[in-house]
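The following block contains the structure, expressed as structure tokens.
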Amino acid sequence: MPEKKKLALIVESGTLDRLYCAFILGSTAVSMNWEAHLYFTFWGLQALVKGAMEKATLPSDYAKMEPMMRERLKAMKYPTPYDMLKRMKASGLLKIYACTPTMEMFAIKRETLIPEVDEMVGASTFLTIAADADVTLFI
Amino acid sequence: MPEKKKLALIVESGTLDRLYCAFILGSTAVSMNWEAHLYFTFWGLQALVKGAMEKATLPSDYAKMEPMMRERLKAMKYPTPYDMLKRMKASGLLKIYACTPTMEMFAIKRETLIPEVDEMVGASTFLTIAADADVTLFI
Amino acid sequence: MPEKKKLALIVESGTLDRLYCAFILGSTAVSMNWEAHLYFTFWGLQALVKGAMEKATLPSDYAKMEPMMRERLKAMKYPTPYDMLKRMKASGLLKIYACTPTMEMFAIKRETLIPEVDEMVGASTFLTIAADADVTLFI
């Protein structure tokens, strides 16, 4: 059986637009039967703290677009970022990595993160995965 | 004849600095006889609405640099982002993709986009192109 | 002897979080005996002006996190971005490129940049390196 294609993302951003970018790419990848490896760092990692992703907003430069965007998302019955993450997870093709240096820098403990996190690792794990991936992006 | 090298960019940003990054990379790629595949999403896609690219500004954190940068660009007779896009297009090596989920989220219609857009597609098209590209970046 | 693996980064951002991202990835790469090729453009390039990196701050949207982050970095005795850059440089595996179009756009002269800069080049040099790299990211 041939190896699956792989998507490797560093999710540094924690804003609503960027989380959607990462999760739309991730969801699309798993729907194509690719593996998706998402490494969360900085503001992306902070979005993995329980309850935080639900509060993600657009960057302040785009704040005035947010009410219209939320209205459209509702009308489209578009899934929330956390719903998308859980669906990806259910596919068995998503692995979520939490960046250990970020956890130290912001004093974030494992037990405060959502349970879907698979591993707490440093950048060397990401580089090893990315070196073998078909598509690698920093979001 | 060997296949051309390929650059694949997701253009998520719509600010002047990031549009220049994307278009300098794209222009350089086509000048090297590479194919350039630019997939516009979120604020990048909004820059493809007719008349919008001309109004792109720097992020507010860098607003104070903008008058000096615009003066230098003028002195250098540097092309505008839209001029760069049209020149790339004239090479026959540029393909522009508009992200359909973004169009839905922001209620953007095809007829409001600049005519240089080639296709309206979802992320699976981008991932397929990127998996075969030589350089892939998220801007 | 097999060729070394290669990391190629475009560093467009000049904020503290993004400089740390770039330099943690770069430091990790050289610790794995990879080559690290860092191409600095826009706000990233401006961080290479002597004295500028020391003044890097978080983006204004995250300004309220900065005092806590700085306190933690101090408690961890975490190296500054410039210290990390100098350590990478000492490995002999880091090459630093300054983007010539940015230098022109912002009237930045070579002698104002830190001495660790190896080359002043355009995007074609970066694309050539990236086409041959194992991991390429835009930060």
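A, B and C are the chain letters, set down in written order, and residue numbers restart from 1 in every chain.
Simple rule for what comes next: a residue touches a chain if its C-beta (ideal position, glycine included) is under 8 Å from a C-beta of that chain, and two chains touch if they have at least 3 such contacts.
It should be emphasised that the depicted structure is a prediction, and the values quoted were computed from it without experimental measurement.
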Relative orientation of copies chain B and chain C, as a Cα rotation angle in degrees, nearest 5: 120
Interface sides of chain A and chain B: same vs different residues, half threshold: different
Whole-Å gap separating chain A and chain B, where each centre is the average of the chain's CA atoms: 24
Multi-chain contact residues (two or more partners), chain B: 60, 136-138
Chain B contact footprint on chain C (complex, rising order): 10, 12, 15, 41-43, 59-60, 101, 104-107, 122-124, 126-127, 130-131, 136-138
Residue numbers on chain C that touch chain A, as the complex places them: 5, 7, 17-18, 20-21, 24-25, 28-29, 31-32, 34, 60-62, 65, 68-69, 72-73, 76, 78, 134-139
